C-alpha cells in the first residue's frame, strides 16, 4: 500500500495532515527502520529533528505528512513501532507545482529531469537522483560527474 | 500548580495548543531553568530545537504543548522568563492511548511498567525511568542492567 | 518592499501564516542567500532547522512567518529560489507585546533599549544589537563590554 | 574492498585516524549516497553533524574514522565525490571490547546477540539489528515486539 | 569522587583527553542519566551532539573531557552504562584563565560573580547561575530580573 | 589582518590547529558577530555546532581552524568576545588540492569557476558564490538560474 502520488497539475491540497511525535526512549536503530516502513505504508513525507527534552534528554521529533485518509494507518504504525503514548496532528495546506519529465542524454545513457512549473513557467529542473545513482554505480564514476554532465545537457531555452 | 494529567482511557483531545518562541538572545543557562519552570506550572511538554536565524545566529526554537486553559499562564512565563516580544500558537489534536501500570519484580525490588493500549491491544510496555534510576543509584548498578532485568521479567503473554 | 512592521501596542494577530519547505537538494550557500532575500521581500521571520530525511539525507527545514497578505509573494520566491516542488502552510496566531524605546548613554555614545510591555508591566529590556555592534566596531572594543555597560546604565526602576 | 574488521579480542588500536570535511555546497541527496560508498570502500565509521558556517549557511560536518592504511583511499573518495578543496585529519586511539556472539531463540527463529566483554566481564548484550529486521519484515510484526522477545530470552546469568 | 577542580591561576594544561562515543542504540532517557553520572565520577565536561549515522539513524555523539588520570574510570562508565563496543580518545591542551570571585549585593541577597583574568586583565564577569537560581526560586521572581540586577551592580571599573 | 591564504599548489599542511570552546551562557546575537570577527582576524574557518550540556542547557560548540602562528590572536578574541574561561586545542593536518580559476561567460557577464586538482586531475569545479550572487542581485534573477547557466557553460572536456 504505497502512498497515492499527488496529481501532476498545479494545485492546492487541503486534505493534508501533519503528525508529530516526541521520542526520548527509542533508539536510532529503530528509527532508521520506521522511516522506511512509514513511507511504504503511505506517508507523503517523514523526517526527524533533533530536540532536547526535560531531564537532559537528547531526543527526536518525528514529523509525518499524509492525507487525512491515511491518518488512521499512520497512527497505528506509530503506536506499534515506536514507544509513544500519544500522537498529535493538525491540518495544513500544500501548494504543489505542475510536474513534467524530460529526458537528457549523457555519455552513460539517459537521465530523467523532473520539471516544476509555476503558472506556466518552468522554475525547477531536477535530475532524478535514482537515475544518476544507477549510472554512478554501474559505470563506477563519481555521482558528481554524472550530475555535471546532466546539467551540461539540460535545455535552458524555454 | 502542576499540569492536570490527561485521563487514562484512550481518547482524542481537541483542547490542546502548541506554542512557539524563537530565541536568539537568551543563554542556554536560562533555558535550562525555564524548561523546569514551565513543567511545574502546567505545561504538558516543552522541548528545544536548534535553529539558525538571520545574521548568522545559532538560536533555539522553544515549543510547548498545553491545554487551551493553560495558555495565558504559559504566555506570562514565556514573556517574563525569556527575552521574546511575541509568542505564537495554534491548536492541535492529541490522540492518547489508554494507560495502565503493572509491577515487575527485580532482584533489587519492584519497578512499574507503564502499558499503552490501542483499541484493547497492549502496544507499549515502558519501564518507569524514575523507578529504574532509583535502583541504579541505590544499589550502585548500571542503569542498563536494571532495564535488562525488567525486560527479562516483563510479561509478554497477552 | 520590506515587511510592514507590526503595530507597537500589545495585540493578538490572527492574520499570520507559517510556511514550511523540506530541502534535501539545495546547498547551504544558496540558503544563506535566500534567507536575506525573504526578509527583504516581506517575511516576518525565516529560520532553518537541521533535519534527517529518507535515504540517509541530512537536510534543512525552512520555516517562514508572514502575513496572509504576503503569502503569494513568499511562495513565488520559495519556488524560484529553492528546489522545492511543494510549499505547505497553516495559520497561526501571534500575541505581541507593546514595544517602546529608551536611550541609554555609554562612554561611547547612546544605545537604544527596546522595552516589551505586558499589560502595562515592562517585562523585556533589550539593547539594540545594531547600536552595540556599531560601537564595538568603531571603538574597537569587545561587544561584550558594550553590553555590560548598557546593562549597567539601564534603568531598573519602573 | 570492504573495511577489514577489527580483531575480536579487547585491544587498544593506535593506528586510527579521524578525517573531517566541512560541506556547505553539497546537497543532502549526494551525502546520502556518499556515506554508503565510504563504508563500502573501507571506512570504519562515517557520520554527519549539522553545523552553521559563515554567511548564514547551514552546512554539514562529515566525520570519518579509518585506519592509517585506508587514509589515501578515503581522501580520494572525499575529493572526487564531495565538493571539498581540503581534508583534515588527526590520529586517535580506539579501545575496543572483546566481542562474542550468542544465539537467542524467538518464536520466529534465531537472533544473534553480540556481547561486549571488558576485562572478562560481559558489559554489552546487543541484539543484531539485521536479524531482528528480517524477522519483522518476514513475519510482519513490529520490530519492537521482536526486540522485546529477544530481551525476554537473553541469558542474564554470567 | 568528584572531578578535581583545575587550579585557579592562568595555565596551560597538557594532561587532558577528549573521549568520543557514537551512540545509535541507546535512548535519550538513559543519556540524561549518564551525563550526571560522568560528572559525578570526575569528568570535566560532557556534552551531546546530534549526528546522523548509516541506515538513516539519528544518533548522538557523546564527547567527554577529562584528565589523563581519569581516563580508565571514564571508560569503565561508558562501557557499563552505554551500549558502545569501542571508545576513542585523543590528547588536547587546555588554556585556562585565572579565576577569582567577587560578591555583588542585590535586593534579595548576595550573588557571586566569577571573574576570568587573561594576563592580568579581567575579561570575564559571570554571575553564578546557582546563586541566581536560588534567589529566583526563593523569592519567586523571574531569573531574568535577578541577572539584570546583578549586571546593574557589577563593578565595571578595573 | 586577514588570514594568509594557503598556497595554491597541492600540499600537506602540518601547521594547523583546531580550537574548541563550549558556550552555554552567550546569546546567538553575539555569536553571529564573533564569527565575522574571527574570520577578519585570521581564522581559516569557524563554525558552530548545536550541543546539549548539563542542566538541560542547549548550547553551542565553537570550532575554529587556524595556523599555529595565529593561535594566540584567536585565543585573545575568544576570551574577550565570548564568555569562556578555557579554550582547548589540538594539532591537525590539512591536505589541500591545487587551486586554479577559469572564467565562464553567462548572458549577464563572467563568473569565476574555482577548480580543485588532485594529482593532476580536475576533481572540483565550483562557481564562485560571490560572482553569482552579484549577478542575481544586479539583474534581479534567481540565483538558481545563474548557477544553471554557469553549469551549462562550464568546460567538461579535459
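A, B, C, D, E and F are the chain letters, set down in written order, and residue numbers restart from 1 in every chain.
As a working rule, a contact is a pair of C-beta atoms (placed from the backbone, for glycine too) under 8 Å apart; a residue touches a chain by one contact, two chains touch by 3 or more.
These numbers were taken from a predicted model, which means no experiment stands behind them.
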| item | value |
| --- | --- |
| Neighbouring chains shared between chain A and chain D, ordered by label | B, C, E, F |
| Identity of the chain that, by mean CA position, is farthest from chain F | B |
| Type of chain D:chain E copy interface by residue overlap (half), same or different | different |
| Farthest-lying chain, centroid of Cα atoms versus that of chain C | D |
| Chain centre separation in whole Å, for chain B relative to chain A (CA means) | 28 |
| Chain centre separation (chain A, chain E; CA means) in Å | 39 |
| Multi-chain contact sites of chain B, meaning residues that touch two or more partners | 25, 29, 35-36, 48-50, 52-56, 58-59, 80, 83, 90, 123, 129, 142 |
| Residues on chain D engaged by chain F in the complex (per definition of touch) | 20, 22, 25, 49-54, 59, 61, 75-76, 79-80, 83-90 |
| Residues of chain D defined as touching chain A within the complex | 29-30, 33-34, 50, 80-83, 129, 133, 136, 142-144, 147 |
| Chain B residues touching chain D - in the complex, by the definition given at the top | 50, 52, 54-56, 58, 123, 125, 142, 148-149, 151-152, 154, 156 |
| Residues on chain B engaged by chain A in the complex (per definition of touch) | 6, 16, 18, 35-36, 39, 45-50, 65, 90-97, 99, 114, 116, 118, 123-124, 126, 129 |
| Touching residues (chain side chain F, partner chain B) in the complex | 23-29, 31-32, 35-36, 48, 50, 53, 55-60 |
